[in-house]
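Two complexes are shown next, each including subunit A; its partner changes from subunit B in the first to subunit C in the second.
Then we have the complex of A and B:
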C-alpha cells in the first residue's frame, strides 16, 4: 500500500457536529406521538418467594393502559407457571420475576400509563405478598454447604476439591505441566488472596427504549444498544416473535461498555406496547441502573506463584471465585487470560462461578480481565520486590513472544508485547526517578478479540459519491473510521462518503459492537465491499474504454488505459448510468466472520502519592502504552486508551457496590464515586504499532486492553508508597488509612 | 393546576403553562422539545443536564421550572450562532473531546460559564470547574485540552 492519506489521520468524528449542538438523538429523545409512559415495580427484598401478586387495582387506575407481570412473559412463551417451574427453570427471570425474587431491584410488574405520574401512582396499587427467604451477597458464604439456595431447581452437582453449595453453578479447570515440580524448582513461592469489588459500567445514558406496534402487528423498537440484531434476537426469543415482525432501530448510544450488548428492558416494553395497543416508552432511572442492570462481577482470587532467583516464573496455581449475581452468567469466567502474558510452564487454575442475591452480572469492558490482572500483576510486583528486580525487567524476562503458545495451546502470531514494554522502558516516567514523595507502579494486560460477524454494503451514487451502510452500531467512532477506509480505498474526501448504521430491516447482519472487534471485523467487511465495488467499476471502465482490466489505471476518481490518461472514464460517468436504466447500479457487499487471533497488549505506569494522614491516594501522572497495530484514527485510539484507563483507575480507587443485608447502599453517583476531572492528571497515551497480520491495515483491537492494567498499576504504586501490599479494592482513603493504622503508621 | 411561565430560551421569549412540580429539565426537554439537555441521574450528581440560567450554570434537574420565571435560559441548542459553531464546540470537535456525546452538552455549557467569568483558566481551574460533570468515555483529558484550546481562541463577536 502506498502511504495512506485518510486512514491514520486525525479525522474529526462524523457524528460530533450533531453531538456538540444537541441535535443527536439518543433513545430517551425519541418521541413517538401518542406514546405511553411507564414505571417498574421492583422487589424491595434480596430474596423472597412471591406468594401472591395482585395487579387488578393498578389495571383499573386512572390513566393506566396496561400492566404486565411474569405471568404475561410466561404466556408469551406458551407456558403455565407449573410448566415453567418444571420445564424451564432456567428461563431468565431477570426481565421480570415470575415466582421468586432473587435480588433487591428485580422487576416484579410494569405499568404503562398516559403520564409518568399515573404510572408511578399505579405501582402503589399493586399488592405483593412476599415470603422472605434468607439471602447471601458474598461468594465465600454463598458457596459454603448450607448457604441459602438461590436456584434449588437448577442445582448441578459440581465436583470440586472442597464441598460446595448448590450456588456454585460452574466450575472449570485449566492445567498445564506439573505444578508441584514447578514449585520445587522455584527459589521463592508467594501466595496471596486478592479481592475485587462489584462495579458498574457507569455509562452516562440510562437504558431507554420505545416500542410501537403497527396495525398489522409489526413491531418497531428504538433503543440504545451496542447491537440492534442482538436486541432483535433477545426480544424474538423472549416473546416468541419472528424476526420478520421485529424492526430494531438503534439510536445514538450514550456509553455502553458491554452493558448495552444484550436485551434488558426491551422485551418488557414490547409486551406492554402489545397489551396497551399504543406505543410505550421506558426510561430507567439512575437508581434502577445501579440496582437492576448488569454490573461487573467481583472476584476472590487466591494465587500462588513460584519463581527462580533470576526471576523466571516456574509455576502458578490459583482459585478464582467469580460472583455471577442472581443468575448464572453467559460468559465462562477465566483468570487465565492475565497469566497469558507470560511463559508459565506449569499452571493449575480452578474457577468457580457462584450465584448470590445481587443483580446478575454482565459484560464490562474486557470482561473478567481486570479482576484477574489485579491478582496476577500484583503478584508479579510482589515477586519483583522479593527478588529486588526491576518489575519491568521481570516482565521482559517472562513475556510471551511470537510463536509462543497461549495457556490453551494456541500459537501466537506477530505480537507487540515486548515492543510495548520497551517503549515504557525508554519513557521518562520509567527512565527517570519519580519526584520526592511519589511512587510508581507498573502493570500489563492482554485482550484477544473475537471476530464475530459483520457485513457492509457500499453503493456508488449516480453523482459518483459513495454510500456505506452497515449493521454495526457506532459506539467508538465506527462510522468515522469506516468512512475513512472507503475514502482511503478510492482516494476520496471524507465529505464524499455517506455512512449510516442501518436498522435490522435495512442493514446486513452484524454482531454487537464490543470486545474490541468492530474496527477489525467491520473494517474487514468494509474493505471487502470496497474490493467488490472496485472490481465492478474496473469491469465497466474497461468495457467503456475497450481495454483489458489489467491495463487500467486509477486516480482522481477516473480510470484510463495504461499510458493514455487523456482518454478517461470517471466513476460518476459509470455510476450515473444507473439512472433510467442505462446501466447497472454499482453496489458492493462485504462480510467477515473469521479473523486470526491477534492479541493486543497494554503496559501502564501510575505515579501516585499518598497522604499518610488521610490515606488519600492521588494519581499524579499516568502513562498508558499499547500495541494498537495500526491507529486508523490516532485521536479516537487515544480517547479509548484514556477513557478506559480512567475507568480502571476508578475501579482501583473509589468505585464499588456496598451491600448491607442484601440491599445496595449506594445506588447513586454521589455515593458510588466515579472519578471526576478534578481527581485525575492528564492520561498520556503511547501508541505502539506492531501491525497485526490481519485486520484492516494491521489494526488491532483497542478498547478493552487499557482497562486491564490500571487496578494493579495503581495498587503496585500504592504498595510501594506505603510499604503495605493492598490486596483488596477499592483503595479508598479509608481503606488505605486503615491499612496504615494497622501498621501503626497513621 | 398549571402555572403560566415566562422564560427566554436561547433568546426567544416563551410563554407556557407548567405543572408546579415540573423541573426545568422536563420543561426544556418535554414542553419545549429541546432534547439536547440530558438526564443522566435526575439528582444533580452528574451534570448532564447543565444549562445556563441568567448566565450561571445550573443542574436543570434540580431547578423547578417555575423558579425560572422571568429568567434567561441558554441550552446547548442556543450555543452556536446559526450554523457557526461556538469556539468551544469547534474545539471539542477538533480535539476529539466527544465520544458518546451524552455528557457533552452539559460540559460545553459549564465550560462556557467558566470562560465567561475566567477567560484564560489554568488546567487545574478547568478540572475543578468541570468536576461536577461526569464523563465516562474520555477520561476528561481531551475535554480539558479542548477547553484550553477554546480559551486561546478569540471569542466570536
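Then we have the complex of A and C:
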C-alpha cells in the first residue's frame, strides 16, 4: 500500500457538529404526533411474591389508553402463567414480572396515557398485593447454603468443592498443567481475595423508545441502541412478531458501553402501542437507569499465585464468584482472560455465577475483564513487591509473545504486548523518579475482539460521489472511520463520501457495535464493498477505453490506459450513465463474519498522591499505552483510551452501588460518583502500532482494552503510597482512611 | 412533573400576597437547582411556584462600607463571586461559594436558596455562621431580622413561616485583623456535597493572642452548627499548635454526625478534627505572613 492519505489522519468526526450544537436527533427527541406518554410501576421490594395485581382502576382512569402487566407478555408468547411456570421456568422476567419480583425496581406494570402526568397518576391506582420474601444482595451470602432462594426451580445441581446454595446458577472450570507441582516449584506463593462492586456504565443518555403500529400491523421502533438488528431480534422473540413486521430505526446514541446492546424496554413499548392502537413513547429516568437497567457484575476473586525468585510465574489457582443480579447472565464470566497476559504453565480456575436480589447484570466495556485484572494485576504487583522486582520487568519476564498458546490451546499470532511494555519502560513516567509524595502503579490488560457480522453497501452516485450504507450503529465515530476508508480507497475528499447507518429494513444485517469489533469487522466489510465497486468500475472503464483491465491506471477519480493519460474516463462519466437507463448502477457489497483472533494489549501507569489524614487519593498523572495495530483516526483512538481510562479510574476510586436492605441507596449521579474533568489530570495516550494481519490497514480493536488496567493500576499506586495492599474497591477517601486506621497510621 | 401555577411577581408586596393566598403552600423559585429536581422527581407537589428573581430587593448586592454586605436572597453565586469586594472583606464566603456545585450550578444557584433549602451540609452556611450573618425575613406582619444560627431548625427546616420569605442575608464586615478559612471534604472536586465542612474566623491580637474565635461545622449535625467549646478554647489564648489541636478535638466532640451513604459518623467526626485543625492552622499561617 502506498502511504495512506485519509486513514491514519486526524479527520474530524462527521457527527460532531450536530451533536455539539444540539441538532442531533436522539431517541428522546423523536416526536410522533399523537404519541402517548408512559410510566412504569416498579417493585419497591427486593424480593416478593405477587399475590394479586389489579390494574382495573388504572385502565379506566382519565387519559389512560393501555396498561400492560406480565400476563400480557405471557399472552403474547401464547402461554398461561401455569404453563410458563411449568414449561419455561427460565423465562426471564426482566421486562416485566409475572409471578414474583426479584429486585427492587423491577417493572410490574406499564401505563400508556395521553400525558406523562396522567400516566404517573394512573400508577397510583394500581393495586399490588405483595408477599414479602427474604432477600439477599451480597453475593457471598447468597452463595451459602440456606440463603434465600431466588429461583428455586432454576437450581442446577452443581458439583462444587464446597456446599453451595441454589442461587449458584453456573459453575465452570479451567485447568492446565499440574497446579500442585507448579506451587511446589515456586519460591513464593501469595494468596489474596479481591472484591469489586456493582457499577453502572454511566451513559449520558437514558434509554428511550418510540413504537408505532401501522394500520396493517407493521411496527416501527425508534430507539437508542448499539445494534438495531439485536433490538429487532429481542422484540420479535419476546412478542412473537416476524422480522418482516418489524422495522427498527436506530437514532443517535448518547453512550451505551454495552448496556444498549440488547432490548430493555423496547418490547414493552411495542406491546403498549399494539394495545393502545397509538404510538407510545417510553423514556427512562436517571433513577430508573440505576435501579432497573443492566449494571456490571461485582466479583469476589480469590487468587493464589506462585513464582520463582527470579520472577517466573509457576502456577495460579483461583475462584471467581460473579454476581449475576436477578437472572442468570448470558455471558460466561471469565477470570482467565486477565491471566492470558502471561505464560502460566499450571492453572486452575473455578468460576461461579450467583444470583442475588439486584438488577440483572449486563455488558459493560470489556465485560468481566476489569474485575479479573483487578485481582491478577494486583497479585502481580504483590509478587513484584515481595521479590523486590520492578513490576514492569516482572511482566516482561512472563509476557506472552507471538506463537505462545492461549490457555485454550490456540497459538497467538502477531501481538504487541512486549512492544507496549517497552514503550512504557522508555516513557518518562516510568524512567524518571516520581516527585516526592507521589507513587506509581502499573497494570496491564488484554482484549480479544470477536468478529461477529457486518455488511456494507457502497453506491457511486451519478455525479461520481459515493454513498455508503451500513447496518452498524455509530457509537464512537464509526461513520467517520468508515468514510475515511472509502475516501482512502478511491482517493476522495471526505466531503465526497456520504455515510449512513441504515435501519433494519434498509441496511444489510450487522451485529451490535461493541466489543472493539466494529472498526475491524465493519471496516473489512467496507473494504470489500470498495473492492467490489473498484472491480465494477474497472470493468466499465476498460470497456469504454477498449483496453484490458490489467492495463488500467487510476488517479484523481479517473481511469486511463497505461501510458496514455490523456485519454481517460472519469468515475462520474461511468456512474452518470445510470440515469435514464443509459448504463448500470455501480453498487458494491461487502460483508465480513470471520477474522483472525487478534488480541490488543494495554499497559497503564497511574501516578497518585494520598492525603494520609483524610484518605483522599488524587490522580496526578496517568499514561495509557496500547497496541492499536493501526490508528485509522488517531484522535478517535486517543479518545477511546482516555474515556476508557476515566471510567476505569472511577471504578477504582469512587463508583459503586450501595445497597441497604435490598434497596439501592445511591441511584443518582450525585451519590453514584463518576469522576469529572475537575478530578483528573490529562490522560496521556501512547499509541503503539503493531499491525494486525487481519484488521483493516492493520487495525486492532481499541475500545475495550483501556478499561481493563485502571482498577489495578490505581490500586497498585495507592497500595505502594500507603504501604497497605488495598483489595476492595472503590478506594473512597473513607475506605483508604480505614485501611490506614486499621494499621494505626491515620 | 405535576402541573402547577407559575408566577413571577415584581414586588415583595405582591409576593407576600401570593404566599398568603396559597392554601397548600407555595414553593419559591430562585436558581431552581434544588427545587427543579424535587419537582421532576415528584418529591414536592406544590400548586404554586413563585419565581422571586424579578424582585429588586432580592437581587440587591451591595457592600455598605464598614457595616456589611447586603446579599439579596436571589443573587446567583457567580454574581456574588464576581463582586469585587467579596474576596477582600469576606474571603471565607468566597471560598465557600466557589466550591459549591459546579460552574453551571453556580450560575443559577443562590446563597439564599442554599440557606433556605437548609441542608445540614449547605456549603455557604458555616462561613456565614462565622461571619455572624443575619437573615432578613419579610412576612405579613412586616420584617424581622434573626441571626442565621437561629434560622436553621433542622434538616430542610428553617425559621421561615409558611407565608414568609427570606429577603436578604446581611453579613457584617469582619474586623480587618480577622483571618478565616473554609474547607470542605468531598469525594469529587465538583458536583458533590460535603461529607464535612468547616469554617473558622479568628480575630488575632498582638503576639498571636486570639481575641475572638468562630468555628462552624456542617454535615455533622441536624443543622450547620457553631462549635462553641472549640471557640471558647481559642478565645483569649495564644494560638499555637497545641491550642489548635485541642480546639479541633473539641469541635469533633461537639459534632453529632450520622451514618449515611456519603460517609460514616465515625469518619465524619474524625474529619471534623482534621479539617478544623487545618483551617485554624491556615489562619495562623496567614496571620504570620505579612
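Assume the second predicted complex is superposed on the first by the 746 of 746 C-alpha atoms of A that agree within 3 Å, B and C clash if a C-alpha of one lies under 4 Å from a C-alpha of the other, contacts with A are read in each partner's own complex, and residues count from 1 in each chain.
The working rule: contacts are C-beta pairs under 8 Å (C-beta built on N, C-alpha and C of every residue); 3 or more make two chains touch, one makes a residue touch a chain.
Because the structure is predicted, anything quoted here is derived from the model rather than measured.
Visitor: Could you look at A:733 and tell me whether it touches subunit B, subunit C, both or neither (first, second, both, neither)?
Guide: After superposition on chain A, A:733 lies in contact with subunit C alone.
Visitor: Give one of first, second, both or neither to describe whether A:654 is in contact with subunit B, with subunit C, with both, or with none.
Guide: In the superposition, A:654 contacts subunit C only.
Visitor: Touch check for A:254: first (subunit B), second (subunit C), both, or neither?
Guide: The answer is first: A:254 touches subunit B but not subunit C.
Visitor: Scan A:12 for contacts with subunit B and subunit C and give back first, second, both or neither.
Guide: first
Visitor: Looking at the overlay, does A:120 come into contact with subunit B only (first), subunit C only (second), both, or neither?
Guide: In the superposed model, A:120 contacts subunit C only, not subunit B.
Visitor: Contact-wise, after the overlay, does A:673 reach subunit B, subunit C, both or neither (first, second, both, neither)?
Guide: It touches subunit C, and subunit B stays clear.
Visitor: Hey, is it subunit B or subunit C that touches more of subunit A?
Guide: Subunit A has more residues touched by B than by the other partner.
Visitor: Is A:23 touching the first partner subunit B, the second partner subunit C, both, or neither of them?
Guide: After superposing on A, A:23 lies in contact with subunit B but is clear of subunit C.
Visitor: Thinking of the overlay built on chain A, is A:646 touched by subunit B (first), by subunit C (second), by both, or by neither?
Guide: Once the two structures are laid over each other on A, A:646 reaches subunit B alone.
Visitor: Does any part of subunit A touch subunit B in one structure and subunit C in the other, and if so which residues?
Guide: Touching subunit B and subunit C on subunit A: residues 285, 669-670, 676, 678-679.
Visitor: Touching residues of subunit B toward subunit A in the complex: what are they?
Guide: By the definition above, subunit B touches subunit A via 29, 33-43, 45-46, 48, 75-77, 79-80, 85, 89, 92-96, 98-105, 108, 123, 126-128, 130-144.
Visitor: Mind pulling up the subunit A residues that touch subunit B in the complex?
Guide: Per the touch definition, subunit A meets subunit B at residues 10, 12-13, 15-26, 28-29, 31, 201-206, 252-255, 257, 285-286, 475-477, 635-636, 638-639, 642-647, 668-670, 674, 676-680, 682-683.
Visitor: Okay, in this complex, where on subunit C does subunit A touch?
Guide: 1-3, 41-42, 102, 185, 187-193, 195, 261-264, 267, 270-271, 274
Visitor: So in the complex, which bits of subunit A are touching subunit C?
Guide: By the definition above, subunit A touches subunit C via 116-117, 120, 285, 287, 613-614, 616, 654, 658, 665-666, 669-671, 673, 675-676, 678-679, 732-734, 737-738, 746.
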